[in-house]
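This is the structure, below, for whatever I ask next.
To keep things simple, chains are lettered A, B, C and D as they appear, and every chain counts its residues starting from 1.
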Amino acid sequence: MGENQPGYREWTMSDSTRTDYLDLDTKDETFLDATELVLNMGPQHPSTHGVLRVILKLDGEKVLGTECVIGYLHRGVEKIGENRTYAMFNPYVDRMDYVASVSNGLGYCEAVEKLLNVEAPPRAQYIRVILTELCRIASHQVWLGTHALDIGALTPLFYCFRDREEILKIFEKYCGARLTTHAFRIGGCIYEAYDGFEQDCQKFCDAFLPKLDEYEELLTTNRIWVRRTKGVGILNPEDCIALGVTGPVLRAAGVKWDLRRAQPYEAYKDFDFEIPTGLNGDTYDRYLVRIEEMRQSVRIIRQAVEGLPQGPIMAKVPKVIKPPVGEIYHSIEAPKGELGYFIVSDGSTQPYRVRVRPPSFVNLQALDKMVRGLLVADVVAVIGTLDIVLGEVDR
Amino acid sequence: MIPVATTFFFYFLAVLAIGSAIAVITQRNPVHAALALIVTLLALAGFYLMLYAPFVAGVQIVLYAGGIMVLFLFVIMLVNLEQNIREYQFNKQWLVGTIVALALGGLLLFVYRTGRGTFPTVFYQGYRGLEGDNTQQIGLALYGQYMLPFEIASLLLLVAIVGAVVMAKKRI
Amino acid sequence: MSLKPLLRKLFLVDLIKGLKVTFNYQAPSEAITEQYPLERPVIFERFRGQPRLNSNPDTGESLCIVCNLCALACPEQLIVVKGERNPTTKRKEVVSWTYDLSRCMFCGLCAEACSTDALELTQDYEMALYTREGMVLDQAALERGQEPKRYEK
Amino acid sequence: MFDAITKYLSSATTPGEAGSIFWATIYILIITAGISLSVIAMNWLERKILAHMQIRLGPMRVGPHGLLQPFADALKLLIKEDIIPAEADKLVFWSAPVVVTMTAFTTFLVVPFGRTHAVTDMNIGILFMLGVSSLGVLGIIMAGWSSNSHYPLMGSLRSSAQMVSYEIAMGLAIICAVLMTSLQTGTGTLSMIGIVEAQASQHTWFIFKFFPLGFLAFGVFAIAMVAETNRAPFDLPEAESELVAGFHTEYSGFRWSLFFLAEYAAMLAVSSIAVTLWLGGWMRPFPNWLSGSIWNLAFSLFPALTLFVLAGLCLLGTARMPKIPQMKIQTVGLGIFGLLLGFIGLVLIIPGVRERVQDIYWFVVKVAFFMYMYIWYRGTFPRYRFDQLMKVGWKVLLPTGLAVLIATALWGLLPQISSAIVGVLP
């Protein structure tokens, strides 16, 4: 892109690591000041959650500025969408946030349903809610395990994965796959709940809550954990809104914004649940918010399983999906934040444009703001607390 | 403790000490020089052991080799080394330096020659008695006879610590 | 700070609580490791694994009617079905049927599209091979299903 | 010649004191081999215990229950390609693991595994151990700097700062123990054997002396020693989630395994200091309460009993092994291992051997306790941040250590002080 092209912007390393607006008074530097160190964290690094590359500018161990380099996992999902029919594109969205693939599928199916102006039958909606909430728990468990691992606690990872296994088993029993589930179809669900689905969910809920207490015993009051997370990576509500940060990161800053409540989709208006919020917007609050969200998810699952209505699971959708000309933006509350799909239809069987608003990508922007002036160890903690999945950042 | 192969160890340590001392001033890389200095200090600790002063040897290792040199290396490693390596190793005062060194060497030789009689020629058993309570002797001397100098020295160190903090800290 | 939190902090209650959790989990019966080749995982009925072409158990004829719906449904376009109308029975019969397993993402759309339940994703999950050859399955391989594999170097 | 060799065996001293070079050499060889073997055992145990804490099984394939896994790993590391980064300072890079390993092993010269089971009894034993182990940090710094890479450099900087600051707290705690040898008895010593003998003559382990002061000093030491050896939760120099592997990021193969060896040897070394200073060294538990020849006999049978229990567990495991052809070799191997342990147990019942080995057994059991704690910490705690680590060292441990030191001195001098006060009073 040349200099005269529209959209051209000068972008240099020094630009992204400006320090003049920071509270680092460079005036009384002493002769003992070490020279700045530029450290490449990633793309191969144990705690960048995949292939994120963060260029850190350091003064000793203090972070002066960061620059994120992304795109190592780019697979062109949005472009693929333009070359597939609406139904065919469904399995691809599972592969963006592969930790919470059910939510991805839900968002896409709902967006297309909105475009087609159909609504999934109540039973399908309830099944969808149960699965997405299970998926939220699974995603938060992966987050908790890796976040704790980044901060040095090895063990919670294995406990989390043990409990996540139960969720994945439910997924496998329901739709035949554990990770990239492809559980929902446009217009409802294709799979009827299997025999014992309700019991499995109830059993999981009963077993999970004591396990959650165990995680908390390991971490919540642990003085090392508290010290490592309290006051680290603070984002105040104004910054959150300015940066477009959503999900638990936003709620930890004290903003009570949850799309399940703010713009109820599916059957969420039927359920009674709290939206946990934090006070300080630091890493510890984000931890507490997510832990509480898991509890609330269990609550939703219990209600949904108890009130699971009978009836069809698929709305009347033509075999060949040809939405009318138009465009739609639909967003849901994915485990990581607002997951939006913007679909432009030209009336053919294939979307003209699919644009995904991934929560990880937007939340990652806040990294620089959060880590300036902190130490290297905090960068790792903050990347962990943002709960990014590089498949979704790069798409 | 019965000494074993005393002569061998003496010459071994002497060669080690002198060799690494020469390396300290001839090495261009300051890190290598500092490492050579550590070897010298360790060899000196060996000498103290041979002189039946185990406590002094232990302190030599703990403080000089283990503590001070670690911090020394710490600082050197952060300095931009490439520039140092490119610089001339000897500056213009080398002539004066040689004269001063020769003078010092002559003085030491003179002292050794005139005071030769006071040096023991063999290890006599009296020293060995000291070995056991070497630590105690030093303690008594330090906190009895030399109490005031000791306290003054520690005060000096305290001032140095405060000074270092003032210099290193941007804001106090 | 009031007395109770201070005492809790002094006596390391928070740390000891965590230590207790990890200590109690040490019993070997708690271990959930699955020793894979010796222990086989439980595969559930709806698992989407290796594809299989079903044939009529009575006559041994393929159930595939060469309607091409699976090939149309496949997002990766990895199914190629060629058929020919048999002049005597007036039925379309398979000439060639290939399934490129190396590109498959097991979304299950082909099996859903199949109108005669001929194409099915089975519970077999061990599909790794040492070479790329053999990843493209023809009709015979698809009807045979997965053979028990011996892993040899 | 033969006389000179056997003369030592009848004497009840260490080879160093007896002046027997032959036996000193033998002891050094045995200790070096023993430490290497225990590092290997520790490697297996750490994986197994950590795995079980994390509801995993750990190594299971190489040998029965993965018993041969450490050997397989060692072999792999030995034959692995040895990489030196192009821009590295070759000489320093080469010598760093040597320095680290040498210092870690040298400390064991003065560790008393029993009254007669030490290479020598140095009268500055504890100072020697501190000094030599403080040299280990040199190797770490050299490794970090010579790799010419940012992660190792930061790791080594962290390491040196951490070691220098925690050595102070550690030293204060050690001084408390040294004070305890002299206070109210009058025979102060820095010798490792002397310290244990002082505990024997005072009929108490120093951890219980001047309660709670001994316990507090032990606590300070126990925390500082974890930091000294760069283990979780103070494993910042090699924090894998931040600095990849810290100072040994660029090392591979045999050189890397030397660092590993040195780390575990250092853990064993500081644990032995702790055992010697506070837990009565080689002394068996309750020598005062449960005294008498019957109790002596009972306690001297403990080593054999432990091995019998282990052998029994192995044989039980053999019986429980799945009866399938693939596991046959493993089943037989485990059975043979169990029988081997049982045989060693039988050897340990022989009276002459029993008496000599008993000291070592109790020492090893106490050290093993610390080793278990190391693994347990690693399985439970998150990692401190660097500034917090420094805060703990300088603002918590150092003042506590100083206070305990002063309190110990005052308590020890209580008789003199009280008599002085009584003397002043009319």
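Throughout what follows, contacts are C-beta pairs under 8 Å (C-beta built on N, C-alpha and C of every residue); 3 or more make two chains touch, one makes a residue touch a chain.
These numbers come from a predicted model, not from an experiment.
Interface comparison, A-D versus C-D: the higher count of C-beta contacts falls to A-D. Chain centre most remote from that of chain D: C (centre = mean of CA atoms). Averaging C-alpha coordinates per chain places the centre of chain A 45 Å away from that of chain D. Chain centres here are Cα means. That of chain A falls 60 Å from that of chain B.
Chain centres here are Cα means. That of chain C falls 50 Å from that of chain D.
Centroids of chain B and chain C (each the mean of its C-alpha atoms) stand 71 Å apart. Annotation for chain C: residues 15, 18, 21-22, 32 touch two or more other chains. For chain D, the set of residues touching two or more other chains reads 53-56, 379-381. In chain A, the positions touching at least two other chains are 155, 162, 218-219, 222.
Partner chain B is touched in their complex by these residues of chain D: 16-17, 19, 21, 89, 91-92, 120, 122-124, 127-128, 130-132, 134-135, 137-138, 141-142, 144-145, 153, 156-157, 160-161, 163-164, 167, 188, 190. Residues 37, 39-40, 45-47, 61, 148-155, 157-159, 162, 218-219, 222, 224-225, 227-228, 375-380 of chain A touch chain D in their complex. The touching residues of chain A, when paired with chain C in their complex, are 84, 87-92, 95, 155, 162, 165, 169, 172-177, 180, 182, 190-191, 194, 214, 217-219, 221-223.
Those residues of chain D that touch chain C in the shared complex are 49, 51-57, 60, 322, 324, 326-327, 376, 379-381. Within the complex, the chain B residues that touch chain D are 1-2, 4, 29, 31-32, 35, 38, 54-55, 57-59, 61-62, 65-67, 69-71, 73-74, 77-78, 131-132, 134-136.
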